[in-house]
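Just below sit the structures, each encoded as structure tokens.
The following pair of complexes shares a single chain, subunit A, combined with subunit B in the former and subunit C in the latter.
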Partner chain A sequence: MGLDYKLVLWNKHKKTYDKIIALGMVLYLVLFIALTLAFNPETIAETMIIRAFGSLAVIMLHIILVIGPLSRLNPQFLPILYNRRHLGVSMFLAALIHGVFAIIHFHTLGNVNSIYAVFTSNMDYGSLTNFPFQVLGFLALLILFFMASTSHDFFLKNLSPNVWKGLHMLVYVAYALILLHVFLGAFQQETSVFTIGILVLGFIVISSLHLVAAFKESKVDGFKGEKDTGGWLKVCDVHEIPEDRAKIFSVGKKRVAIFKYDGKLSAIHNVCKHQGGPLGEGKIVDGCVTCPWHGYQYLPHNGQSPPPFTEKVATYELRLDNDMIYINPIGLEEGTEVEPILC
Partner chain B sequence: MDANLRKRHKYSWLLLAIILPILLILIIKDLNFNQPENISYETNGSSSNNMVDANLTKSDGAYILELNVKYPLKSASSVIYALNMKGEKGTKLGQIKGIGSYTFPSEKEIQGIIIQDVLKNEEILKMEF
Partner chain C sequence: METVITAFLTILALYFGVGLLFGLYFMLLGASKIDSIMRDSKKKVRLLLFPGVVATWPFLLRRLFKSQTAD
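Showing the complex of A and B:
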């Protein structure tokens, strides 16, 4: 959590992750260049740079895209999610080097503007196999630039987490464009079954993980509990919730996390104010609900971040009847104090 | 993510899972994976002097003239023509701008080449295969 905006929000763990990312990128580039020199020594330096950084960006994009669903399916992957933003910006830098070198190498010696040449050097827009693949890569790079430049808490706060997240879902469009860019680009010049196989395998893994995670979430959204005569929703037995943890339920169109701690029960809105993280998948640390994504904290009985922080989430009234928990589906104002019920 | 974003996420991936494989199959369908092995190159003629190396190959029914210009031709506009069966200037193949490697495709067999300075209307070089 932070009270002001910093260019890069580093802490001890983030620095370790960033070192791993930098080391991984350097190792990959060295390995790529060494293998190219060994097996394809006539390759010129520009081609080597274009291919090394292009393939690095594609691999990093695949890693970025599996982190989200893996974290939804297994909380052990959450620490990787914590540093996904830096991985995304690093991937954009690799893609930018690839794009800039490709434009310099292929388009700067002509008599027209090099960006204009990207769109006009191949006008076979009617063909699927010979479609101008560089245009697809250029459009993907624009999306990645937009995402990297707004990957900051300043934009997150000012755009609102929902709008920000919605815009950053453009990464799926960028992935589709990049997949087609690589397919068309690599294979218009050098048809390789191995490369096709790797990309197809990557697509199957990524799309399967996203769909499995999406359908798992749909089940929670589809929860329809029975209501009592007062309109309160029957949710679960008190013993179903582990100590210092929560269980998540859908109440109308919203998700609510019911936390059990120190022999008490409290319910708050499940969505973190920072990046929309699932508060109910976090745990109680030092008496506060702690978001599993970036560690934002809220007091369970009033949904307020402890001072000096100002974030607030909605709270809900609970009732316990023969160990069965009931919730009032009408949420209270963000930060409203609700007396926890004893269990 | 709220319920609307979760829905958008699910439908985005359902759409990608349907559309991308169809596009990829249509792209792959027209690719020729055996292309490098099937192409046979047959040398049909070659010639060389201190200024230029020329090599004519036949591949898949078409001819390719590879030209390596080793020294500047000292001409403002050097145009290369194929020699016809009579050994005279025939089809125009292209232009030479300086030292380097050039590739000129031709549908007909080439008996030789002639390089002309078209501004001065002078013959710079003539080679027969």
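Showing the complex of A and C:
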């Protein structure tokens, strides 16, 4: 949407979220070190740093992974979703500190290259329990680096949204690698029961939230409305849509958001041009449909971003019949003006 | 196993080595050729993008060739 690239797209809310992230990280580290000193006073500083940042990164990764499904289930979580990028980059930095300290601490003594040492200090690649767990951490860190370094809008556009999305879906591969890294590490080092507990609990929470959210979406996709003689689809009663909000329907394999605002109804394609955010989960702000993910805006009656921006989404024709909304399932060209219907 | 590890790490090092060179080119010349919006953006933005450019140079290189044939 921007006409030039900014270092970071700041606004007041984002600054508040970033302060919360930074404060949360510092608080966790202080708490971790205080508890370690209280219960394991003989722990050396390097080990403390390695463990503090490793567990911090893993907790942040969990938060990142639950935000998606949580905000699909309850729009109140959406504001956190906008800030997920900064959370991701901060998580990478925490993981990087963990990895770098581990490499310095364990692998800089010999005369071989220290990265090479991560891969070769334990050659038990055939073993299930003694597998070199640090290699898994290294590969996960590599993935996190690719994601964090490409989190700017420049890459979304220039890598193409598909490549970018594919790259960022690798977060699940990284998550699996990290799970193995920590579990195997637990066999071979004295990883705390606390960390293992968090991971088991986290895995249950993350997978069940993803399942519930997917189930909810499958209900939208499975929507089979009645068709009238003209082929228009009967969708819902006009009162089911709250003011300045939308309901999402799957219409001819596409998801469509029907918005109600100022006593009018308009329908547009549900997919934001920025990163495919669900427009129908956003609100009407200043007369524009506002994407819940990063705030791109579209005029509801023509699907166009207000000038000087140039994004356009497809629009759909609607009809009202005894408070029942009907939609023409054949969408119009992106940016086509459709007279809103009055309700 | 050691040959596999050596091969993997060599490829990784080469990938990032070429990436660094491409990143340098990006900072100096390539940025606005890849994306015209970069012309109007602050120079600091390129610094922020640098690590990602090093990481994803093959995709950006492809884009550079495409944009040149399109012009």
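Methods note: the second predicted complex is superposed on the first by the 330 of 343 C-alpha atoms of A that agree within 3 Å, B and C clash if a C-alpha of one lies under 4 Å from a C-alpha of the other, contacts with A are read in each partner's own complex, and residues count from 1 in each chain.
In this section, contacts are C-beta pairs under 8 Å (C-beta built on N, C-alpha and C of every residue); 3 or more make two chains touch, one makes a residue touch a chain.
This structure is a prediction, so every number in the text was calculated from the model and none was measured.
Participant: Taking the superposition on A as described, I'd like to know which of subunit B and subunit C A:L159 touches: first, second, both or neither.
Facilitator: After superposing on A, A:L159 lies in contact with subunit C but is clear of subunit B.
Participant: Could you look at A:M123 and tell me whether it touches subunit B, subunit C, both or neither (first, second, both, neither)?
Facilitator: second
Participant: Between subunit B (first) and subunit C (second), which, if any, makes contact with A:T150: first, second, both or neither?
Facilitator: It touches subunit C, and subunit B stays clear.
Participant: If we overlay the two complexes on their shared chain A, which of subunit B and subunit C does A:I115 touch? Say first, second, both or neither.
Facilitator: Once the two structures are laid over each other on A, A:I115 reaches subunit C alone.
Participant: Look at the residues of subunit A and decide whether subunit B or subunit C touches more of them.
Facilitator: Counting residues of subunit A touched by each partner, the higher count goes to B.
Participant: Does the superposition put A:T36 against subunit B (first), subunit C (second), both, or neither?
Facilitator: Touch partners of A:T36: none, neither subunit B nor subunit C.
Participant: Counting contacts the way the document defines them, which residues of subunit A are shared by the two interfaces, the one with subunit B and the one with subunit C?
Facilitator: Shared contact residues on subunit A (touching subunit B in one complex, subunit C in the other): none at all.
Participant: State the interface residues of subunit B toward subunit A in the complex, per the touch definition above.
Facilitator: Touch list, subunit B to subunit A: 1-6, 8-10, 12-14, 16-17, 19-21, 23-24, 26-28, 30-33, 35-36.
Participant: Using the touch definition up top, name the residues of subunit A that touch subunit C in the complex.
Facilitator: These residues of subunit A touch subunit C: 2-7, 115-116, 119-120, 123, 125, 145-146, 149-152, 154-155, 157-160, 163, 167.
Participant: Which bits of subunit C are touching subunit A when the two form their complex?
Facilitator: So the residues of subunit C touching subunit A come out as 1-2, 5-6, 8-9, 34-35, 37-38, 40-42, 44-45, 48-49, 51-52, 54-56, 59-60, 63.
Participant: So in the complex, the part of subunit A that touches subunit B is made up of which residues?
Facilitator: 128-129, 162, 165-166, 169, 172, 175-176, 179-180, 183-184, 187, 191, 193, 196, 200, 203, 207, 210-211, 214-215, 217-218, 221, 250, 253-255, 271, 276
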